[in-house]
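Order as written gives the chain letters A, B, C and D; numbering starts at 1 within each chain.
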């Protein structure tokens, strides 16, 4: 049993904290939303009245927050116990993870993929950056939350891998969208066409999971465009930080931004199809 | 046994014609290269001295040529027997397939994917456009050449699906390349990073088959950049033909053109990694 | 006085032929449109009943046609008099100009800019490719039609310069459009903002001539998106022909194609603003 | 005579502070670089030992700093005198200008264009955002520093206009670069070609000022790629802030980032030509 402080009990953090309680850990959580705190108490955890209270006495602190400003406020505005291990599971820019590590060397950046479903089913993929020894200490706790837990490199590496994941996912959605628009405009049944693509070198999981819903224009999230927009910003920031120029990532970021700007922010990221459709004057 | 005229006995056409002979068909072939003709005779086929001779008496004519000008020259410059079925297996722009169909309604566009290996192993994927009845007639012959044979729609539809395939393949290569460059520049082991991506929503066949060779900078073809450059031209042409605007496809076409312009035309299309590397000043 | 055959008496060709008649030349013209032929007779020229008749006896043949297929049909389907000079003033891809020159070495590619107004006022800019001696012979005739007549290089060079012009014009329109959208969305008066830009390093003629009409969303042509779409295709083709990769040109081509696909083909090319607006969800 | 605190005495700030002293103002300056402080004393100003000292007693505070973190540190880490007017002349993201205005309503964002030469010759263009009354108060001081002083809108508007300027300048450089590469690869004299473009609708100041040096591959700054890279980051940030999607700006940002990544950061921004050349395999 580990004494854990958990800050950020939203859609992702709430079920994650619940799993930790269920696994026998002593979890004290904090969130600005009082309903989230009540939920934690129902799950068997303790509700703190402040971040500071959640940090107090914690051997491990987990943060699961919307973006880097919230992480900075929580982490730089409060003191961890000496020797405590900080696991930031938020998806933020690598530069902030490095800044955190500069202040708290005993920290890990550990963003996840798998979304709400993965959080509820404890089947998240977790990409971890930081020191090997800290990863070893965190592993039993992360095992409670996910299925694929990989130590990918030093501080910040977890965020970089997450950024690479998001640029690839966004890009493949855009490519599937362009294929659908081309097929439909050419009078080809998109299902027949994509079936062929899914059997060859172009095969990919998004085609497998989403081609039917995309062709049917069903865009319930899943993972919202708004969140993917945030993540493309992180990918651009990560590239800028290490002075690489990624032209496709730049264009995908524009397309995802367009999705949000056109009012599809609350739809699934597969709604990039609507952006490409509108661009081609084929509003459905 | 069908009497088949086969025009274009290159890297792809030669093994394909061989399979047809081996399956018991009466194949008369033509190619401008005399070595190709000798190869056909060794395989048990007959060598014609002209396209006209290959067409003469043929119930089925198959063309497997580099691009639309060659197809136009062969098909518009010669007469098929009345009632003969033309199967053009070249990868060309859909507009030419439609022009052929306007002159020879009994024709199919039937481009393939799977490359030299697929041609040799008779495991090609074949995307067929044209009339249902003609597809039914062609099916037994195409079954000799490939494993996945799909009728995807009317005349030109085969080429459109092939174009969609090539834009998606080119795009995914570019995305993998940008991911590798970002990971390496950030000091993250690219293998560890891509292993994580290959286990999640970003999973795709190119990651599966090519990530190790790409990380090792091994770019033996495979499918050459020069050919992919030709195919991206077809994709742009197909989009223009039906008045759709595909921004990602346009950018991928620029990247593939850059690959050729930078001297990588004879390398595998995974060498898009070099284009992204050079762009980011990280020549390896 | 020169005996001139003039093929293509449309919006541009008609006033141009009229200027040549007025300058004392013996002009025989042809067009598929009979009204155009009557107009030429009113101007004092002679109407031919076929291209062949217009070519017969002509010392100079001028073609002013929509695109390369028409030029190829007219030029390759008919015979010029021995020693006659062909001046193709159509905007077409450089490859066709080179193919024409291969057959008729005594030819010039001489596309124009300045549009309908320039044709009517005989104030066109004319970019000429071909041999120096032929340019010298053509110069007195071209002087009747334009104000700036420049010999820019060998066969095809005129088309290349025209293509460079069109990619730059399209690109600057897109940049002005993005500036307007950014300013307006930020609550900044676009007129005040663009006034500043027009006074600095960003100054350009499009800002000078079009910023007020663009801010007012007045898009009467001018030069239609449909024509600019054709010209961007030529620019891409010209780049492909000489194996250069032009990423910005590729993106601008997508934006112009989107303009046409979204139904703005008959509007002025400054209507690229609508494409950028729609992309940003700010339909006006 | 106004009592002015001036923070940031670098390449731009130093001559600007000198002009203010020369105009009779009482200037106390601060910079981390002691040579800059000595220079100010030679000019007749007073050197402060801290930002706080420079702020003390100042009726007007001017900041001229590299980017938003420095501005935030100076402005949020120190107290202005009650009623003092803050004029931030740094080029930073609009969001920071708004944050400053939220704390110090009596502030103006007043970025400049015109570079080192403009600073030395007091010929800067100054784009000012903020309240009308504050602009009126600042005007006599800004008149000492520049020639074109425009109030473009509320807080942040100055930065937005500067961002729009930089995206347009970067974009036009890229277009000129693509035109040069296309012309040269096609065997057309780029000077002859660009001369024609400079006489038509494509005319722009960059063509006028820079086409000869670009063709000659002379890239002494001027305005460095590194600075333009920073400014493209601001443009992307400004677009993101107001939820607009600017695809051309995104691509230009990638090209400028590539310029820096390829080692041209210290060259003039016209060195975007090298990026396009390298992309097209035409290293000069």
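Here is the rule we go by: contacts are C-beta pairs under 8 Å (C-beta built on N, C-alpha and C of every residue); 3 or more make two chains touch, one makes a residue touch a chain.
Since we're looking at a predicted model, the values are computed, not measured.
K.L.:
Please identify each chain that touches chain B as well as chain D.
P.N.:
Correct list: A, C.
K.L.:
If I average the CA coordinates per chain, which chain comes out farthest from chain D?
P.N.:
That would be chain B.
K.L.:
For the pairs C-D and A-C, output the one whose chains share more C-beta pairs in contact.
P.N.:
C-D
K.L.:
If you average the Cα atoms of chain C and of chain D to get two centres, how far apart are those centres in Å?
P.N.:
Comparing mean C-alpha positions, chain D is 38 Å from chain C.
K.L.:
Averaging only over C-alpha atoms, locate the centres of chain A and chain C and give their separation in whole Å.
P.N.:
50
K.L.:
Any chance you could list the residues of chain C touching two or more other chains?
P.N.:
239, 243-247, 251, 255, 258, 261, 279-282
K.L.:
For chain A, which residues count as touching chain B in their complex?
P.N.:
Contacts found on chain A: 94, 113-114, 125, 127, 129, 148, 150-154, 156-157, 160-161, 163-165, 167-169, 171-172, 174-176, 178-179, 181-183, 185-189, 192-193, 195-197, 199-206, 209, 235, 238-239, 241-249, 251-252, 255, 276, 279-282.
K.L.:
Show me the residue ranges of chain D that touch chain B in the complex, using the header's touch definition.
P.N.:
Listed in rising order, the residues of chain D that touch chain B are 247, 251, 258, 261-263, 275, 278-282.
K.L.:
Under the touch definition given earlier, write down the residues of chain A that touch chain D in their complex.
P.N.:
Residue list for chain A touching chain D: 233, 236, 239-240, 243-247, 250-251, 253-255, 257-258, 260-261.
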